[in-house]
Amino acid sequence: MGLSVDIRHDFGGPGGFSLDARFDAPPGVTALFGRSGSGKTTVVNAVAGLLAPREGRIALDGEVLFDAACGPRLAPHRRRLGYVFQEARLFPHLSLRANLAFGAWFAPGRAAPGEFDRVVEMLGIGPLLDRRPGALSGGEKQRAAIGRALLSRPRMLLMDEPLAALDEARKAEILPYLERLRDAAGVPILYVSHAMAEVARLATTVVAMEAGRVARAGPAAEVLSDLEAAPALGLRDAGALLPGVVAAHHADGLTEVEVSGGRLLLPRMRAAPGTRLRIRIAAQEVILSRTRPEGLSALNILAGEVVGLRVGEGGGALVQLRVGEDLLLARITRRSAAALEIAPGAACWCVVKSVAVARTDVGRATG
Amino acid sequence: ADAAPSDPEPPKLTIFAAASLKTALDEIAEAWRDRTGGALALSYAGSSALARQIEQGAPADLFVSANAAWMDRLDAAGLLREGSRRDVAGNALVLVAHRDGADPAGDSAGDPAPETLAPGADLVARLDGGRLAMALVDAVPAGIYGRQALTSLGIWEATAPHVAQTDNVRAALALVATGEAPRGVVYATDATPEPRVRIAGVFPAGAHDPIVYPAAAVADPAATPETVDAALAFLDFLSGPEARAALTRQGFALPD
Amino acid sequence: MQDGGVWLDPATREALALSLKVALWSTLCALPPAVGVALLLARVRFPGRALLNGVVHLPLVLPPVATGYLLLMLFGRRGPVGGWLEETFGLVLAFRWTGAALAAAVMAFPLMVRAIRLAIEAVDPKLEAAAATLGAPRWAVFGLVTLPLILPGVLAGAVLGFARAMGEFGATITFVSSIPGETRTLPAAIYALLQSPGGEDAALVLVAISVAVSMAALLVSEALASRVARRIGAG
Amino acid sequence: MQDGGVWLDPATREALALSLKVALWSTLCALPPAVGVALLLARVRFPGRALLNGVVHLPLVLPPVATGYLLLMLFGRRGPVGGWLEETFGLVLAFRWTGAALAAAVMAFPLMVRAIRLAIEAVDPKLEAAAATLGAPRWAVFGLVTLPLILPGVLAGAVLGFARAMGEFGATITFVSSIPGETRTLPAAIYALLQSPGGEDAALVLVAISVAVSMAALLVSEALASRVARRIGAG
Amino acid sequence: MGLSVDIRHDFGGPGGFSLDARFDAPPGVTALFGRSGSGKTTVVNAVAGLLAPREGRIALDGEVLFDAACGPRLAPHRRRLGYVFQEARLFPHLSLRANLAFGAWFAPGRAAPGEFDRVVEMLGIGPLLDRRPGALSGGEKQRAAIGRALLSRPRMLLMDEPLAALDEARKAEILPYLERLRDAAGVPILYVSHAMAEVARLATTVVAMEAGRVARAGPAAEVLSDLEAAPALGLRDAGALLPGVVAAHHADGLTEVEVSGGRLLLPRMRAAPGTRLRIRIAAQEVILSRTRPEGLSALNILAGEVVGLRVGEGGGALVQLRVGEDLLLARITRRSAAALEIAPGAACWCVVKSVAVARTDVGRATG
């Protein structure tokens, strides 16, 4: 099940590029992560059928989309993948409304009633529906492109940096929608992004690319809390994913979430008690202490045990801790690591500011 | 020989005719209509185009050509009604000169009388460095006749490098009329009505083949007897006094 | 001919009406195949491509008389194609206005194809790819994306073709002669007038009419084109 | 005419060389003004725009004979422009190959303008704006951005114009007549042959030569165009 | 001196838009901040001369660029503004090298030797120089567009979300270059961005736009530490700017920076001792405590005094503190605010993880 990609392709020309990508993307959101020019768009194009790789095979849910050796090459329009391109690629001669409706004209079945309006409202493009793309701002175009892909009722979404041109507030409106798609509608998503916060929130699987090769691939929680993978993903963005369950909502605007290592207080969220969540805790937002600190404004203090330590080249160190049954990453200075005598086996208190668990870092857990 | 004017509905005839006959034939057609009530459709084009079209089964009942060669070719191909061919008009070649704007009235009163070109006449000198306008000398009838004439006068060799050839004789006339070429060889029928040129010379008899306009009925096995009759009747009409008068008015010579 | 009298001259009116009919029909009928050929030439690499391209341009290169001659040989009643058309479909081109339309279409064809092809080559294939990923099959991509985007080119092709058809003479008169009411178009009438002494003035009037009609077509097409362009906007 | 003999026939060779010369020069000389007029029509709204557009299209609409006649009136030795040209520059057009080139250029002009204009209208003004923000003055924006981007259109215009010039006959012969070695181009020769009974075969040989030349030009232009297109790439 | 903008413009059409922007941008970097569709690109276009506003006036360093009333309208190419467009707008027919060199052809004077190579290396586009833009990835195009503008030797830079398509590592290479431009070369920059981290690092002035109007404008340090401005800029991005001076580099990879309220230990940076810096401390990365906390991995603990408090609608509160002579923002929960009895005048310890002061949040101070 899910998407399986195993392709090789070369671009000739000066400073040519060769791609050799092999990964499996189970249902859910697969984040394609990697530096500019590492081959993310090339992979997505191959999946969409816009590029025929020199060699290899692509299959979705057991159906072969492409096989260079002999098998079928399904035409792009038969693949039914909603592609949000890195550049919006709206149809310049059609109104925004027609652009949005375009995919639906060819999709089998009927749209859920009200879907169009829902998407339009979420994207905040209601007043623009009768405009042509030429008269839109950059972010508006990008939003329209997202809407167009969503409304084509695809069996999989391919999103190439869909939120790069958008402000935080808008992102915070779109991300829950994508989560719902992933969970409720079960639409798998291949998601290209540079922003770890987005990736962490959505991804069930993370595929990190480096210079055309897959540097690391695996379940999000595993990859993101992996000491070794952290440099590849960008140290500044390192951070672990904790599964949790909403326990209660408090009157003062906080929501209590139970994780395996204790309870966390997070800014109020709309999820009902019992909802399962994934909470990302960025490594650099965790403070360690050997004694339980008192009187801090930080409400969340979890007991943990050091599992691993990785001292970087600069003045920093990355600490992996077991908190309950889960792993947490903390990024501290080498000086502190020495002062606190951090070493595998050491017991530690992890201080996490409640507000440091940002809204976009809380995702609904899949499955 | 005329068709009875009382015929209830005379068949419509299609006549393919050389374009140079347009004015005269339009007039004759008018007269024919008045006389017989019969309608005529006249298609004017170059003789070559018309002849080829007839070869390809064009719906022509009659063909009036500007030269004998194309008529001969149709004749040889058996496309003409046996015995219907006859010459209906003749023409003369003249040497025309541009008449300068000094004589806006355009009447020929003040013009010097046209000379008869003698063998060995120095035409080139008269060109004054300009060109002698003619129709294409090996393709268009007027040009072919003109070349014959100059050859028989023994001056073709000398004149040829100064000749400007056009695709039809009217264009040659236009070159002289606009003053672009000082002299031209054209039909008398074209020269007379053009106020901007004067006739500067005529060619001695026998200098070129007689200029004739042959006409014939096209042999069409599918044609109704009425049509054939009407076509033959119109041929006769073409040789009749009314038609002759019209042709003369346009300056055509009449066949003997 | 007196002032204004042309409008009353039935022969002139006939020629004008015929010219319009021929030009309109030839443009309309040639447009779809022109789009097709332009698409083929712009998008598909196939073995006979250079040949097709050459054949399309032929009527431009040959003197119209030669084109007319070839048409006559092919589409005349006794020509291979003309005979077959008559037998199978009862369609007679020779010496009919349909033949004049064919000649005009053939002469206008290279102009149309070029204009449309240029427009097709300017279409961003990325947009077509986007349409395909949205589930649009080829015909829909063409109809909903490519065609609207090349509309200015198609319009330009149509207007060029129409103008050319209005002015076409050499091939027409060689192919279908100049039969009043059937194949005598304005240019043929102009030619005939120019052939007869004193016909220049009348010819000028016809030229003026012909120019006026074509200018009107031009203005309409420009207005349409700028409208289309405004719709497409800056992209 | 015997097989292969055409190549040896000096008259044919002369006509071919002349046709090539006329077509090349007319194309080369008409191209810059065609680009200019296309720019004007595509980019500038000025009062006489519709008129200019109309005048440019005139040679397409008019029967070639009429165009030739107009040229004769204007550019003949006694015509207002022709006289002035001769007096001021010593440039004689009448009965010279230069006049043939002028006639060919005039007939080809509308085709060139259209092709180039279509290309100009397809240029994204945002790229030109970008060039301006980088400090490029107008002429540089045109030379470094617009012109390279419209190159396929210019090429298409050139090839259309060249083909048209190779086939031009009616206006040329009316304006500068047919003088062997000076103004007798291939089409004039073809026409002449088609006028006489039995000239068809020889005419066909000339047609073949003319077609071959134009095909060669077409192939070269296609190769150039696809090269240019590859350079511009998918943008 | 600097840029002065005072324009009004309307777009017609369905759901039309009207702009009314008035702000002054002194030399340095002016950040244009605002949600998608708020009119940022429109303002930049007007400054560049690509859009003639219906009404108003634009002047740069006293020279009038545009005056709707009567005065001169300087043609875009005479303004010599290097514009990095929101979409890359590279010339498709030119190689990357020619694209980069384009501006230099028209710039007066001669380029600094080695400038081309320096920019190319910084942007990591060396191997691509002989390619055409059609064969570049999205991020590569964006980098080339930045290079093209930089190399045109402009007297001002207009950058419309220049880094949106780039990964963090690449951003971290480009930002110092922009800082050097701002400081060493004195090139003013009008910088549009959604990313507060970028804005905070670079901006000397912040202009926040909302629906075509300027909601808040002023010096960056002032606007960013302003309690009232925080919601407009995005709470998640709130944070103050502290001026500081590099004091020393330590052997364990840390750099000591002196701020008015004490000393901060930051990850090693390349600046020489004595260099003046601006350090952004995100509000949500500050932990407050009424007693001095001990034994934490966080090395930076500053003494402060509460100046203001703003309780939000959710469970959060924003606290403004005076630390030495500067203002700091801290985002905590309402519950903590109550528990710690935070109120104006209260003395507080502010805990800042050294690593929480991210590299991109440290900017060189201007002037």
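In this document, chain identifiers A, B, C, D and E correspond to the written order of the chains, with residue numbering beginning at 1 in each.
Assume a contact is a pair of C-beta atoms (placed from the backbone, for glycine too) under 8 Å apart; a residue touches a chain by one contact, two chains touch by 3 or more.
Chain labels with UniProt names: A, E = Molybdate transport system ATP-binding protein; C, D = Molybdenum transport system permease.
Everything numeric in this text was worked out from a predicted model, so none of it was measured.
Distance from chain C peaks, on a Cα-centroid basis, for E. Chain centres here are means of the Cα atoms, and by that rule the chain farthest away from chain A is B.
For this pair, chain B with chain C, the centres built from the Cα atoms lie 34 Å apart.
Chain D and chain E have Cα centroids separated by 57 Å. Chain centres here are Cα means. That of chain C falls 20 Å from that of chain D.
Mean C-alpha positions place chain A and chain B at a centre distance of 90 Å.
With touch defined as above, residues shared between interfaces to two or more other chains in chain C number as follows: 65, 69, 126, 191, 194, 234-235. Multi-chain contact residues, meaning those touching two or more other chains, occur in chain A at positions 87, 135.
Counting partner chains per residue, chain B has no residue touching two or more of them.
Inter-chain contacts occur between A-C, A-E, B-C, B-D, C-D, D-E.
Residue ranges of chain B in contact with chain D, taken from their complex: 46, 48, 51, 69-70, 72-73, 131, 133, 136, 138-140, 163-167, 171-172, 174-175, 178-181.
Touching chain D in their complex are the following residues of chain C: 50, 53-54, 57-66, 69, 110-111, 114-115, 117-119, 121-122, 124-126, 152-153, 156, 160, 163-164, 166-167, 169-170, 187, 190-191, 194, 203, 207, 210-211, 214-215, 218-219, 222, 229, 234-235. Residue ranges of chain B in contact with chain C, taken from their complex: 14, 16, 19-20, 22-23, 41-45, 49-50, 52-53, 55-60, 168, 170, 189-190, 192-194, 250.
On the chain A side of its complex with chain E, the touching residues are 11, 13-15, 34-37, 40-41, 86-87, 124, 127-131, 135, 137-140, 142-143, 160-161, 164-170, 194, 234, 236-237, 250, 252-255, 265, 267-268, 284-285, 287-291, 293-299, 313-316, 330-338, 340, 342, 351, 353-356, 358-359.
Note for the complex: chain E touches chain D at residues 48-50, 75-77, 79-83, 85, 87, 89, 91-94, 102-103, 105-107, 132-135, 148-149, 152, 158.
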